[in-house]
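In what follows, subunit A forms one complex with subunit B and a second complex with subunit C.
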Partner chain A sequence: MFAYVVRRILSTIPLLLVGTFIVFTLTAISGDPLSRLATADVGEEAYERIIELYGLDQPIPIRYVNWMSSAIQGDMGPAPSQGSQPTFNIVMDRAGNTARLAIPAFFFIAITAITLGVYSAVKQYSKLDYFVTGFSFLGISLPTFVFGLLLQVIFGLWFFDWFGVRPFYVLGMRTVASHGWLDMVRSHVLPIVTLWLVITASESRFQRAAMLEVINSDYIRTARAKGLPRRKVILKHGLRNALIPLVTIWAIDLGLLLGGSVVTETIFAWPGLGRLLLDGIFQQDLNLTMGVIMVVSLLVVAFNLLADLLYGVLDPRIRYE
Partner chain B sequence: MSSPLLSVRDLSVAFHTDDGVVNAVNDISFEVHPGETLAVVGESGSGKSVSAMALMRLLPSSARIQGTIEFDGRDLLGLSPRDMRRLQGNEIAMIFQDPMTALNPVFTVGNQLVEAIRIHNPKVSKRAARERAASMLALVGIPDADERLDNYPHEFSGGMRQRAMIAMGISNEPKLLIADEPTTALDVTIQAQVIEVIKRAQEATGAAMILITHDLGLVAGVAERVQVMYGGRLFETGPTETIYYRSRNPYTRGLISSIPSATARTERRLAPIPGAPPSAINPPKGCVFRPRCQHATDECFTEPGLRRLDEAALHQSRCHYAEQLGEMDTAASGSRT
Partner chain C sequence: MARDKRYGWRLVAAVSVLAMVATACGDGDDTATDDTGDEAVDDANGDDGAEDDEAAAPDGDAYCEEGGDARLRWTHEQEPPDLHHQDPANNLTITSWVRRALLESPYGVSAETTFIPQLIESDDFAEDGDVWRYEFTLRDDLMWSDGTPLTAEDVKGTFDILMEGYDYDTGEGGEFLYGSRDADGYTLIDPDSWEVDGQTYAFTTEEFFSGVEGLFNPVYPAHVLTDAATANEALTEWMVDGEPIPSSGPMVFTNWDRGVNLTMDRNEDYHGANPENPDVVNRGVACVSGVDVAWVADTDAQINSLLAAEADVIMTQPQVAFGERIAEDDNFTVASEAGPVWEHWGFNLNNEHLADVAVREGMAYAMNKPEVMTALYTPLFDDLLPEAGLGNVYWMSNQPDYVDHQTEAGYGQGDAEAAAERFESAGYELNAEGTWEHPERGPLSLRVGTTGGNQLRELQIQIMQESYREAGVDIQIDNVPGAAYFGERPFAPEATECALSGGEAGDCGIWDLTQFAWVGGPWPGAGHVAFLSDSGNNAYGYQNEEFDALAAECDSTFDDAERADCYNTLSSYVTTLDEDPEGLVVLPITQKPSFYAYSNQTLARGAVAPDADSAGPLVNVVDFLPAP
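What follows is the complex of A and B.
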């Protein structure tokens, strides 16, 4: 088991290197980071200094190696688009803001996806099943921003027109420290609900499919033939098996959620990783872009590993050597 | 004769599917007496499993069940689900065809055995239930039973899994054990052993048994009575001896002559019945076996009833010519001794 984990971690290193190199190259060649300086009158000398400071005159592979060797020591260089603050600090700060949405959203997603998936599988072709199926297809086919904007319109405009109150904030993040508990909650609700709805839609489909397969299996028939109550048949013998394939999907989703949702964060003006990545790209801030990419890749890789390990815990037929 | 433990009257099961109504079981009636073994024999699709699942009330809700099933003085089809659960796995237990998939892969064999015991005996401690589970495993011939309880099903071979299923089936000393093709999925070399184990388990608990199989050869020496099914209908029923040597039904005779036999002259070819079993949606008109029957005449376009062939109605056959069929081909009847 331990050897397996070490081997898995080692094997992800080349993956990360290749991935980050590709992103680094693409970002570096996609535009001139100095183009914005050209409009300001900074003079030849300042130009040279910046080129020197950021090593912009070096070939891309060399720049990549330089960047990577300091990045693995936690130094991702300054972020010019953020007043040259250390990239690492900015990324960590924004990662925390993203986690404020990701963790509660994940929690709600897991609970509702399991419940809806199990119910609609057990009551296949019932009204509830059709309702859940309809909701899922809606959630899968509508883009995220539709949900986000809809929630903003409902709670930001209509609700105020009808009742004269705005129960939730539709833009920006408020913390306990800056605004107190109530405002903190009011600013977090809508972006969390957006993520919740959109991801639950697809996740409950997976859960339903996994549960349906399990319900029709022989060992469920054996469990019923034992005289077990229906609830125990479904929750002990059924769900326990249906969760196995879903753990992988969950782990990947949690990794992605923690990596930040570009769309949701943009709609709700949320200072998270997703928006930071967008800023980095639009402002041609290579250090910032790379910093976010690095963190997101690490998250995805780590949660994939976690998924594999959980798989082994849940399924006794799998042994890691 | 003692009063029957199980009495099935005019049982019919139909499934409403997109392709039409599947009449899987049609008007079958039979009895099982305490402690006796009844073999149910027939080709694939003849309705053996469906009728067994109807007894266990394990059919999907798409099944339309008619008739009455009386078990130990209770009307099974009329029981509430809760009362039925008290019987399932307790007074009536079932062993399924495929032991590879019948056990839950994520729980240990011991967990699943203990669960079966404790669901019907909540007062039994975990410890005592485990001890009983171990003695059950030992009874069905699994060595080191106590340690084996902590194994997962995938650590058992197919034969051992079926033994574990048998142990589970008898763990609450059922009055009726239904074994649905318990050896079909197993290696030929261990089939006889597993049948042996089932017999031993049955003797240990005194349970009556319905042994479902498509292999008439397996039945000799195990069952007192045989019931032959075809196309969801009862085709012939009688004491095992009678069925083997004095069958009065062309379909049964076909089944008997397709039994491979070590004692038969080697040049005698195995004679499988030509043709395929009837469709359960569009059965042939008249006798359902008519299209495959070498004795068929115009009269067979009307469906024959079950005809009694002796005073006590122990031997019955569904054939217009039951009384007229000649003595059985000696090559066929002589092959089983």
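What follows is the complex of A and C.
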């Protein structure tokens, strides 16, 4: 297995290099940092400062090589849109904030998607199945910002009108250190619920489809014929195999969740990686944009590797050579 | 079977607890303690009462007693990269808005967009032989928040920082990050003429400089910002030697948690607003115990924050959504002021159609400003702005010297007949599509562009597009998202080269018509940069030496009435054909106030935010009175 892991890690290096080069190139050509000076009556020195900062007098491949060689050593350069603080420090700081949403959201998503998916499959065409299916399509169809804003309106405005209390904060991140446990929870609930609703909707569909395929397979029928209890057949023999496709989805979703949800973090004014990426793009801060992209890429690659390893745990027939 | 169900619920409960623990685990890394935010939440719920009245200055006591002392919570869409507003790459409005609560200037700006004394007690401008001498006396009671008296040495120190390393012979150089020393008039001051004595300072210029009241905005604390390098570094994060820069304003900077909020605490040693300021009621320290600025990029989320009582005030670019959800709600006060930010359509004078003055005049007649005002601005700002739109680019509609030159000339009222007469006189005929067409130049089809994503501007253009279509002009929309528009269209290097060379060089075909806003102020002379022949900000390509000379003459005219008339004449040059038969460079549409609203639920009284985009909601922050 060790050799497999090493081989996989090595194989991701060219993937990361190609991917980040494409992003670097697209980011570099999509906006001109000097355009921010267009309406300012400034001297040459102001232009030179920005040209020097981003190496704008160099070809893009050279700029990429320079940036990447520094980034590998943990130096992603200063982020002008963030007061020229080190990009690496900012990205790591924001990654922690994003994890506050991503990790609990992922736990809820995993539990709910499995529960709803399995129940829908086992009780196919039941009322609950129709309900879950309807919920899923609603969740898949509606954009994230609709859910987010709707939750803000329901719990920030309507709930107050109905019951005279505002159970959750609609904006911003509060921590135990700054505000105590209760306010920390109150500020985390709505963004987590938004992520949970949107992602659970699609994942429960995957789980349902996988489970349907498994429970109609021969070995399940054999297990039932041998007299094993239905519950044991479903949870022990069926679910384990039905989880394999979902693990692939989890790997992608968890990587993206930890990489920051741009929409959710923007709506809830959450200081995470998603909003940081948006700031970087809007303010044409190449270092910052690349820093976030790099972290997200690494996370997606890492979780995909983890998913590959989990396949072997879930299905002993899978061997790594 | 019952046991199995319990097992399932236990599993869900266990995972839920794990999830909550995972959420909380991140707190170990969060070393930034922010007690102030906690206070804000409690106060908003009415749990906290006034308890710091002893610290208030006598004048503020009575005013503040009527309310609580909660913190003021303001949500804003754009977090600045730093707080060094003189950095040309960071000329964001929000930066100056935050700084208004921290540092004061010799003069402030009133709701009528006029200069009013702030740090100044008195002034005297007079000819002194061959030069003009300006003498200012600061108020006696001025104090920095660290207890150091604020004196004339601070003003001189500010001048020294601004001009450090500047070469008066070549007009180049300077250690302090700064964009336009020339345009702002600092270079006019004779550096050897300074006289400083206690609270009094004086300097001279060769000719009278009417923009002198706008200088030294703000005054920096000379005892900590000793040179340009120190100032450049300190102003970025607002810290010097590990301490916040001392304040002369009603707030003191405390913390900036990037991505989350910027917090300021009340300056307990604040010397109070100038008695000459007509917009302020409270003459003592602020009633609010501090200000928390939270960054909320999404417009709808900003509104939700106000509606959910998680913010007390918002002030931002006007959006249609604000009118729909807040302007009609009695729980909120919309308190926008007209201000000096003006939207316009500008002509590319090197465009083959628009180079013909008859075409420009036809466009001016065809524009329908009242339609735009009725559809977009009146629902947001009631009768704050004139229904006819704006007709002057030097004086704004809320200033006493304002004259609507464009309406007087018959422009901007959707007069299709007059427009048709002008187009015909230029050799255009209506083609089969109903569009004016010139035998050589082709159909009168023009691209208009603006900062894409600005909903109000986009709607404005769409309304104009329709009214121009009825007048036989084909308008094509050519927006570029966000601020990139400027660098890619009217201020693209090739376009600027074309404008400055009179169409001889560069690329004159990058844009035809542009829509954006200029930010003016109480001193109209700052607006010259848009029209002077050699100005890098003159995107239109207007070249008129007579105008250039008159602009200099206006700035150096001492008599207030004469100077006001002079600026009106300048406005006529570029908005009509009265002064220059080859003029008519821009079509001012309207002033664009920021949308400023505060909650009547959490605030007993709001503050006047005088000149919209330039000052921001904190300029009179002493007057925000939290609900009891």
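What we mean here is this: the second predicted complex is superposed on the first by the 310 of 321 C-alpha atoms of A that agree within 3 Å, B and C clash if a C-alpha of one lies under 4 Å from a C-alpha of the other, contacts with A are read in each partner's own complex, and residues count from 1 in each chain.
Here is the rule we go by: a contact is a pair of C-beta atoms (placed from the backbone, for glycine too) under 8 Å apart; a residue touches a chain by one contact, two chains touch by 3 or more.
The model shown is predicted, which means the values in this text are computed figures rather than measured ones.
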For this session: Considering only touches as defined above, state whether A:84 meets subunit B (first), subunit C (second), both or neither.
Result: second
For this session: Based on the superposed arrangement, let me know which partner A:237 touches: subunit B (first), subunit C (second), both, or neither?
Result: first
For this session: Please work out whether A:166 is in contact with subunit B alone, subunit C alone, both, or neither, and reply first, second, both or neither.
Result: second
For this session: Return first, second, both or neither, reflecting whether A:314 touches subunit B, subunit C, both chains, or no partner chain.
Result: first
Seminar exercise, completed: Of subunit B and subunit C, the partner touching more residues of subunit A is C
For this session: Return first, second, both or neither, reflecting whether A:8 touches subunit B, subunit C, both chains, or no partner chain.
Result: neither
For this session: Check the residue A:223 against both partner chains and state whether it touches subunit B (first), subunit C (second), both, or neither.
Result: first
Problem set entry | subunit B and subunit C footprints on subunit A, overlapping residues | none
Problem set entry | subunit A residues within the subunit C interface of the complex | 31-32, 34-43, 46, 49-50, 80-85, 90, 94, 96-97, 99-101, 103-104, 107-108, 111, 115, 145, 148-149, 152-153, 156-157, 160, 166, 169-181, 183-185, 188, 192, 231, 266-269, 271-272, 275-276, 278-279, 282-284
Seminar exercise, completed: Given the complex, residues on subunit B that touch subunit A span 56, 58, 81, 85-90, 93-94, 96, 98, 101-107, 115-116, 119-120, 152, 154, 165, 168
Exercise. What residues on subunit C touch subunit A, complex-wise?
Worked result: 4, 11-12, 15-16, 18-20, 22-24, 26-27, 29-35, 37-38, 41, 75, 79, 81-82, 88-89, 91, 172, 177, 179-180, 182-183, 236-237, 257-261, 294-298, 300-301, 304-305, 307-311, 482-484, 486-488, 491-492, 529, 535-537
For this session: Can you check the complex and tell me which residues of subunit A touch subunit B?
Result: 217-219, 221-230, 237, 240-241, 244, 314-317
